[in-house]
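Look for subunit A in each of the two complexes below; its partner is subunit B in the first and subunit C in the second.
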Partner chain A sequence: MTEYLIRRILQSILVLFLISLVTFGLIHAAPGGPTQMMISPGMSPAAAKVQMHNLGLDKSIPEQYWIWIKNLLTGDLGKTFKNNIPVGDILWPTMKNTFVLMSFSWVISMIIAIPWGIYNSTKPYGISDQTANFVSYVGFAMPAFWFGIILQQVFSLELNWLPLSDMYAMDKQGNFIDLLYHLILPCTVLILANLAAYSKYSRSSMLEVLEQDYIRTARAKGVPERKVIFRHALRNALIPIITVLGMELPTLVVGATLTESVFNWPGMGRLFVDMARAREYSVLMAIALVTAVVVVLGNLIADILYKLVDPRVQLGRKGGKSA
Partner chain B sequence: MSDMNAMSAPNVQQSVEPQVPENTPLPPSDKPPGPWKTVWTKFRKNGFAMSGLVVLFLFILVAVFANWIAPYKPDRIDLMIANLAPGTGNHLLGTDEVGRDIFSRLVYSSRISMFIGFSVAAITVIIGSIIGAVSGYFGGWVDTIFMRIVDVMNSIPTLFLNILVMAIFGTKISYMIMILAFTSWTGVARLVRGNFLQLREMQYVEAAKAIGVSSWGIIFRHLMRNASFPIIVNATLMVGGAILSESGLSYLGLGIQAPATSWGLMLSNSQEFMLTNPMQAVYPGLCILIVVLAVNFIGDGIRDALDPRQKNSRGRLAKWRKSFSKSGI
Partner chain C sequence: MAEKLLEVRNLTTGFLTDKGFVKATDRISVSIEKGKTLCLVGESGSGKSVTSLSIMRLIDYAGGVILEGNINFKGQDLAAKKQEELKEIRGNKISMIFQDPMSALNPVFTVGDQIAESLSLHQNKNKDEAWKEAVELLRMVGIPSPEIRAKQYPNQLSGGMCQRVVIAIALAAKPELLIADEPTTALDVTVQAQILELLQDLKEKLGTSILLITHDMGVAAEMADHIAVMYAGAIVEQGTVEEIFSNPSHPYTVGLLQSIPGFEGERGGELYTIKGTIPALGNLPQGCRFNPRCPHVMDKCRQVEPGDIKIGSEHFTKCWLYEDKEKAAAALGKGESNHG
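Up next, the complex of A and B:
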């Protein structure tokens, strides 16, 4: 385990390093690169040179990368080109907004989807199971942002029940009730998307367990069906479900770009789109890196969780699941 | 030993006599039908899959013959007839805020969606299966390197990378196809690699090696053929994924640009005019939903025809990892 852990952590660091290289490389490979962004058309060549020097853009690319990494390790994410605001000041509040939206919808979808999937596994191809199947087919095939637009039209514009967009009403900044009110529509969109995946996953995970020999043994020796489901099967079926939900953790930070854009939610996904349009490279790189860190970390946690709760799993074997 | 022979016999047959064209009658012998025929027979009985096939075919027809089907040019602006209700004049679904015929725009949009869907799937399959094949067949350090690259790719949220590239390099359709393919080959690569890890242990591979077939010959002539069905299933689902990605990017303004038109772009316009013309947002989304649903039905139909039990067993965790980074929310 320890050996595996060390190897996985080293691997994660390598992956992160590669990601930082890719992001940095991509941004500097862009036509014009950050340089063009920084020089206003009217600037004299001399002034441009000073400007470049101040921003460290006249150094060679490997040197710039080195400085960027060095600053990162001391917690300095850089500053925006426009207005010179520290990137962290933009990033952390945005991340909080995303976290509110994502965790809210994540928890609700879990509460609905897992019991639903488990119930469906006990009555496969029943009405409830078919409904779930239908929901997941539609959920996977529908552009989620379109669903958001339709919800806006029906519930905000036609019926006028719910706010159209944003996180708070203009005059109610920070009001918790108002926040809940604004959460309903975007959460519905995200829950539908999650529901499709989670309920299907918990159903299949449960079905797999129900086929096992020890379930048949339990039934054969006359254990009541309720007990078979809850005592014997559920415990084992929950293992992969928990792992998968662990893998979803990164989305709590990464956010939902399209949903946030539709509902004008001031979160990470929307920030990324806005910054990409404005070519704010330091913010983009920071977001990409933060994202990569949480994704890599999430996968690591999921793998370790899996190993911890299920001693049968052998991690890191050749040709095994980790490869 | 006799057991082993029995097991590998169908595989040998597949590689020796592949792909019976569908309309040639089988020679009257006691040979079992080829793999394509078997799958087709089962596929045909699946109502959802067949209706998916019909719908997809219709959409392809519409895309190909858009010039004849659309009553107006998709970019014909006429402010005198802006925001017509559906059915007024000769405008089946009405007109948008600058008087462009919505039905014609939908018809022309199907072109871009189909084009992007199929070309992304094709490129993805080519890149993914070559990398997966090399990785799975040769193993060793080649495998390690490729799989680490896959890890890196899977740690970057796909949508972020797409947005970044489209914003930095510009919103050309060719860039979009390339970046969508570039961010989705990992699924195919993993799948093919997994298949090859099993297939390379087969006896016919040993036999081929013994008579001096080169590694590449074995990979492309023998193994790729035996791995082709899972690849096809994956490619089908990829078409739907690419169509969804295109619509998302276009919605964000980082995809198809006017005067060209796509369903995603139509949705992004419609949101601004929700009050004046609410139905405008409904149609493009419905089109996307129907096409992607059709493609997914086909993919699932092929998968079920291959092996109905195969659905959720192996590699679920890996599959999940991929699907999570893909989710177009």
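Up next, the complex of A and C:
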């Protein structure tokens, strides 16, 4: 296990390095640059050159990458071109905001969707199952920006029950109750979308397991139906569900661009859009890096969970992961 | 006559399809005496497994419905019971072992756990006692170093060992009836013999009755006290093992026996096959269900379905040939029939 973890971490470092290389190249290959906003048309070429030099943009791209990665290794993510703010000061609070929104909706979606999916698998095509089907179609079919705006229109502008946008009211920064108020609408949008996927996955996964021979063996043994479902079937059905959850894990930090934009949530999705527009290279690189780290981490956690759930899974052995 | 442990009367099981109920078994009547073995023989799709799953009432979970008949087990009609009431019977009084042992065990629990579960369900044993007895059961079914094996998962065991584990689970609560649905079909030939021997041993040791389902007449010859031959959902012939083998009567049974390689006919000769295929259940022919494939088919066979005709003390056949014995003897070329 330890050996496996060490190897996985070393692999991850290589993956992260390659990702940073590619992202760096891509960001710099994009047309335009940060200086577009900082160099005024009236500026003399010499002054513009000085400006470029000060920002370090006159160096070649490999050189710039070298400087970036050298700083990264000392824990320095760089500073913004505009106002010279350290990237960490922008990134960490934003990430916290995103985490609040995403973990809240993620946990609620799981609490509703997984038991619902399991229940529906025991009564396929029943009323509850059909309802889940309908909700899934609606959830998949409605884009977040549209559904979000409808919710704002109805619950905020017409009924005036809930706040329109933002994380806190102006005069209630840091107030937990106020935060919950602000969470309701964006979470509803996110939950509806997740609900569809999670309940469908758990239903189909359970249905497949319930048809297996070992479930028949359990029933032939006289195991009560409740235990058949929760003891014998669920653990086997969890394996594909873990895969989905592992893939969703990164969104906890990366955020939901559309929902955050509609509800003006000060999170990562919105930050990324803003920073991409401003060509803030160091912030973009930091976001890309953080994203890559959580994706790698999500996969690692999923693999370890497989091992806990399914004894057939041999971590780290060649071709060891059997279905 | 010995005491009847299980008596199935007119069992008809159907599956709901677009065209209404399709009958997978049609008025099956069999009985098993205490300590005896009944073999249900027939080719794939003849309804053997549906019959066994119906007796266990596991057919409910496979989408089947018992349309008619009763299943009398020690004075209780299993066909009329609710699912919740059956957990006292299943795995306790009647156990079942299955065709594919590799998939019949839950991959995420150790084999010891899976045996112990049966013990704690039916014998109120606590965890330690159940585990100890699970190890003993593994020893009884012939698994070497059972203490170690008990802690292993099914994927670490061979097919033959898995089947021994399945048998151990089935025998955990000392059932009175063991239903074995093609228990050796998925195993290597050498392992098949070992498993059959094990079942025979356990039957003698524990006095368990066995309902053995097989498509292999050779297995039936070795194991059975009584044989019931199934074809397209119905029992076409039944009797004691001696009656069936010395005096096979229904043309289908005769065909089955001739199909055993090396049973009749010489080496290198062509293997015998019964022409045609088993009819689809929703699409049975009029009259006798075997008539399209029968070498002795008569006009009557195409119009009216034969009922049970008694031709021996416990020997019944569903064939119009036996309405008139001399005609039968001539047709089958067996000379004078000495039963009756």
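Following the convention adopted for this analysis, the second predicted complex is superposed on the first by the 288 of 323 C-alpha atoms of A that agree within 3 Å, B and C clash if a C-alpha of one lies under 4 Å from a C-alpha of the other, contacts with A are read in each partner's own complex, and residues count from 1 in each chain.
Rule of thumb we're sticking to: a contact is a pair of C-beta atoms (placed from the backbone, for glycine too) under 8 Å apart; a residue touches a chain by one contact, two chains touch by 3 or more.
This one's a predicted model, so the numbers in the text were calculated from it and none came from an experiment.
Steric overlap between subunit B and subunit C is absent once the structures are superposed on subunit A; the two fit side by side. By the touch criterion stated above, A:Trp92 is placed in contact with neither subunit B nor subunit C. In the superposed model, A:Pro224 makes contact with subunit C only, not with subunit B. With both structures placed on the common chain, the touch criterion links A:Phe134 to neither subunit B nor subunit C.
In the overlay built on the shared chain, the residue A:His232 is in contact with subunit C alone; subunit B does not reach it. Rounded to the nearest 10, the superposed model shows the Cα centres of subunit B and subunit C diverging by 70 degrees about the centre of subunit A.
Touched residues of subunit A were counted for both subunit B and subunit C, and B has more of them. Once chain A of one complex is fitted onto chain A of the other, the partner contacts of A:Trp161 are absent, as it touches neither subunit B nor subunit C. After overlaying the two complexes on the shared chain, residue contacts for A:Trp66 are found with neither subunit B nor subunit C. Put simply, subunit B and subunit C get as close as 14 Å, counting only Cα atoms, in the superposed view.
When both complexes are aligned on chain A by C-alpha atoms, no subunit A residue touches subunit B in the first and subunit C in the second. By the touch criterion given at the top, residues 11, 14-16, 18-19, 22-23, 26-27, 30-31, 137-138, 140-147, 149-150, 152-153, 157-158, 189-190, 193, 197, 201, 204-205, 207-208, 240, 243-244, 247-248, 251, 254, 256-259, 261-262, 269, 272-273, 276-277, 279, 284, 287-288, 291-292, 295-296, 299, 306, 319, 321, 323 of subunit A touch subunit B in their complex.
Across the complex, subunit A meets subunit C through its residues 212-214, 216-225, 232, 235-236, 309-312, 322.
Contact residues on subunit B toward subunit A in their complex (touch as defined above): 143, 147-148, 151-152, 154-157, 159-160, 163-170, 197, 240, 244, 247-248, 251-254, 264, 267, 270-271, 274-275, 278, 281-282, 284-285, 288-289, 292-293, 296-297, 311-313, 315-318, 320-321, 323-325, 327-329.
For subunit C in complex with subunit A, the residues that touch the partner chain are 56, 58, 61, 83-84, 86-92, 95-96, 98, 100, 103-108, 110, 117-118, 121-122, 153, 155, 166, 169-170, 173.
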